[in-house]
Amino acid sequence: MNYQEVLEEIKEEIKPHLKKGEVANYIPALQKVKKNDFAMSIIDVDLNEYHIGSHKKPFSIQSISKVFTFALALQNYSKELYKRVGHEPSGDPFNSLVQLEYENGVPRNPFINAGAIVTTDSLISLYKENTFDYILHFIQDATNDHSITYNKEVFKSELKHGHRNLALINMMKSFKNIKNFTDSVMQTYFKQCSIDMSTTQLAKSMLFLANHGVNPITNEQLINESKAKRINSLMLTCGHYDASGDFAYRVGLPGKSGVGGGIVAIVPKKMAICVYSPRLNKFGNSYAGTKALELFTDKTGLSIF
Amino acid sequence: MNYQEVLEEIKEEIKPHLKKGEVANYIPALQKVKKNDFAMSIIDVDLNEYHIGSHKKPFSIQSISKVFTFALALQNYSKELYKRVGHEPSGDPFNSLVQLEYENGVPRNPFINAGAIVTTDSLISLYKENTFDYILHFIQDATNDHSITYNKEVFKSELKHGHRNLALINMMKSFKNIKNFTDSVMQTYFKQCSIDMSTTQLAKSMLFLANHGVNPITNEQLINESKAKRINSLMLTCGHYDASGDFAYRVGLPGKSGVGGGIVAIVPKKMAICVYSPRLNKFGNSYAGTKALELFTDKTGLSIF
Amino acid sequence: MNYQEVLEEIKEEIKPHLKKGEVANYIPALQKVKKNDFAMSIIDVDLNEYHIGSHKKPFSIQSISKVFTFALALQNYSKELYKRVGHEPSGDPFNSLVQLEYENGVPRNPFINAGAIVTTDSLISLYKENTFDYILHFIQDATNDHSITYNKEVFKSELKHGHRNLALINMMKSFKNIKNFTDSVMQTYFKQCSIDMSTTQLAKSMLFLANHGVNPITNEQLINESKAKRINSLMLTCGHYDASGDFAYRVGLPGKSGVGGGIVAIVPKKMAICVYSPRLNKFGNSYAGTKALELFTDKTGLSIF
Amino acid sequence: MNYQEVLEEIKEEIKPHLKKGEVANYIPALQKVKKNDFAMSIIDVDLNEYHIGSHKKPFSIQSISKVFTFALALQNYSKELYKRVGHEPSGDPFNSLVQLEYENGVPRNPFINAGAIVTTDSLISLYKENTFDYILHFIQDATNDHSITYNKEVFKSELKHGHRNLALINMMKSFKNIKNFTDSVMQTYFKQCSIDMSTTQLAKSMLFLANHGVNPITNEQLINESKAKRINSLMLTCGHYDASGDFAYRVGLPGKSGVGGGIVAIVPKKMAICVYSPRLNKFGNSYAGTKALELFTDKTGLSIF
């Protein structure tokens, strides 16, 4: 199949959708983007690349970082981690405290904020003050690109407006599900959310999930095959907050979105895809990005179902 | 791969798990089963069959019936139905009223009780007093076996102990999301839950979901390909009540369980599988059945991820 | 103090409030009222009476009936009843299923619908098919007026639109907190809600709660003093659904409202008051009625605080 | 009535209850108490005093401090404050985040932790860095005793174990219902909770609530009569967390408890009562203290109902 052609078609068909939805407004730094921007990258496990739009322009990866930290935590833990964070869809918005309170401080899954914070806490227990460096290197290695870094302005903005996340971490601390100082966990968490990457970089960085846990660029086994499958499974059931079922229903691929406007999706054994468009739907997922991925699976039949 | 051998291995390895969990006790009629029973059937889209255990013995399909009624409703409706029942995981036990109350009587998905009751109600609007016959014929046609029927004793037991479901339907009726008489909807709903089928019959009956919507026995298109994919997606994200994420994580296949002890699973484009063992885990899914399917994907690598 | 003068003042000051709020619309029969009507009756324990407005015109007492059934149940039960219905404010709207689900079918208090339904069920266990007659006689005796009866049209309308209450009772039945047939409980419950009384009759009927449990008209001890105090306490903490705290805060008297537009209030050891005005605020309590009682305690200083 | 005799009787009858319940364990500093201790003080508006037990021994007033800060806030605010904190019972445990999340960061009432934190925040907007001094002076003036101060060890222990309260304040900050720095609000809040007072001091300090807002020792009007009544009303409906209805039902007086083991109660127009016993029931209220107050109203008939 000619994927470049597919991308060109999507670019045309997506146009009427680029002005729908709103750019994330909970931190000011995220609003400084070209609001109708669009980019999409497909990279297959044989390293063929197909791109459209501003695919080299970095944007804030936000919650997509949760996939990397969970993979890094799974390298090191398994059962211990499962006691501290579940793998069920939450049935609630991404930052809900209700579920946490009813379930004694154990977040539903690692892709809601509370679960990602626990995951980062588990990394700090291992890597101490070097935790963010380990996270960044993991991403750089997965992408084979050591220029990737975080955006200091976004980071500061996150810190300043992070009260909801501070509520989450203190709630979990009261249930003894946070082992390190809350300040140091939040600093690391906000840094990982503030990393900037382009659709090209993100598609590359996720190839190991389409390739049995092996980075096809470097042939390094980042995690074992079974864990790679499980991350895909989690992305399918929990990757889009309270619209995860809808994404699975309409797109049919494991994926993870970020409020920066990015979405990555995996076609197991075949390819990684990244799409970017900063306006979000009411669930906090890229409006045009979701639509573009739906067009992609309609055109290619590459749904896992 | 030699699937018969795989089944023989599973039969050995499952033995220590057959005494774990408890048979459903909410209706007396369901307790009259051989508690440590086990059966498993694999049928592929070329109609090769592999079986182990009591695979010809009918058991109560219970919630597995929700797949059939939803498929039948999707034949007839699409957008109208989506307004009345969502496709998100519920994040709550299978019979929760909390979610219904907060979301104005619109159930999260068609595979929790409330959602299945709305689905049945939508069929009654079409087929009136013949609704149950249409449902039964749909199942008989999918299985190509017209001996399938419902169990009157189980049906009566359901009726007698159905207060929780009566609470659900009255709640939805108060939000005007039930269009027909509650009594006639509940009668039909309890009848569909009381249908008896064997693992052989169930595996056959689900082949259309592994085969683009086409029944490979009769070559009849039961629903279109896109809708078949969406049913698979729903089974993956919502097929096991509040353990759907765990099933996706550990088994990695679309599946639907019933409190009678059955689970069906789909390997898209390849096969349908049915496993039976009546003892349930705390989420209401077959304890040994879940374990058997996990062994199956471990041994065969047939996870969709 | 000249209470007649107080009533005349209230009548003047209440005028701008008589067009605020909306008449209950959940059953059509309740809408057939004079929407801006107003009546208020004060009767003290020495049987002095003060009235204003249409104080002899009967209206639907609705939830005010819950005070009578709870008093009748307390005549017969105490600890057994407390296991089946609590005495805490609910913190939720009057017909919430959420609380019931989290608290295993035990309603928070006897003045929310679920609690009143359990109370009526406890009476049916005693009085069988004569339960409604016993309830009606209790009210007639308390009022010393045997002309009081229920409104058949309202009753039928309740039955027809009672899905929410049917959800509640079936929910509680599933937790085994309803002992009799749900149909017979609901019939009795809806009949008691459909009783018609005037403000004069209601004020009289409640005098026993201001008078140590003794009806000052007949000198009959309806319940013992301790239980009378407890009913007053419950009216203060739970008598106005989700606005009970506000009523206590602003009026400072035990009271019970009904969606028919009536409110009764007790000044312990002194008097019973009843006010009527059918437009309701968003919590389901009479808009002008609440305001009139606030004016009353402001003018007389008769708050219990 | 001979109140000293009543106290002597209570002292005898309470003995079997002094070993029931558990001392608060959420902060270590609170555990260093004589576990079976008991004291009770009655002071009437004519300043007659009656005491029993260790009535001069200071203990940690904890949540009883919420009455003082709310009174101080009501001196300064009224409608503005009501927009930020309600006056309804919460129907949930004292530190629930669920309610806060559903109601957009507006706590149900000023006597649950979240509501008291908002109240303290409103004082900081007025008194800036001197807020705690103003609170302490208010209490010292009400008691006419300038030796009262806070316990530094308890304060530090609160700070160290205050994650749940940090979750609450950050949650409210995210809804913009906290106007000052969260750190400075929490410091002040924990200091006020750490104040030590004896039953004698506490009974004195609350006399203004039994006396139209006027301190009968100094004849100073601390708040106006209407506001004093409203504080009493709030204590009745919300003073004992999720057991407020039960306290109203069994004791029948406005009261406020603290996890240090103290309870104050008001007999409007007559007296203030304080009881102390550090073991708590499951709702966080003094076990023997609640029982002692129930005996008091049984013996004296001084319930407001």
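Here are some notes:
Think of it as A, B, C and D in the order they're written, each chain with its own count starting at 1.
Just so we're on the same page, a residue touches a chain if its C-beta (ideal position, glycine included) is under 8 Å from a C-beta of that chain, and two chains touch if they have at least 3 such contacts.
Model, not experiment: these values are computed from the prediction.
Under the contact definition, subunit A and subunit D share no contacting chain.
Seen from the Cα centre of subunit A, the chain whose own Cα centre is farthest off is C. For this pair, subunit B with subunit C, the centres built from the Cα atoms lie 47 Å apart.
In whole angstrom, the spacing between the mean C-alpha positions of subunit C and subunit D is 32. Note: centroid distance subunit A to subunit C, computed from Cα atoms, is 55 Å. Put simply, subunit B touches subunit A in their complex at residues 86-92, 99, 108-109, 228-230, 232-234, 236-238, 242-246, 248-249, 252, 254, 268, 303-305. Across the complex, subunit C is touched by residues 96-98, 100-102, 163-164, 166-168, 170-171, 173-174, 182 of subunit B.
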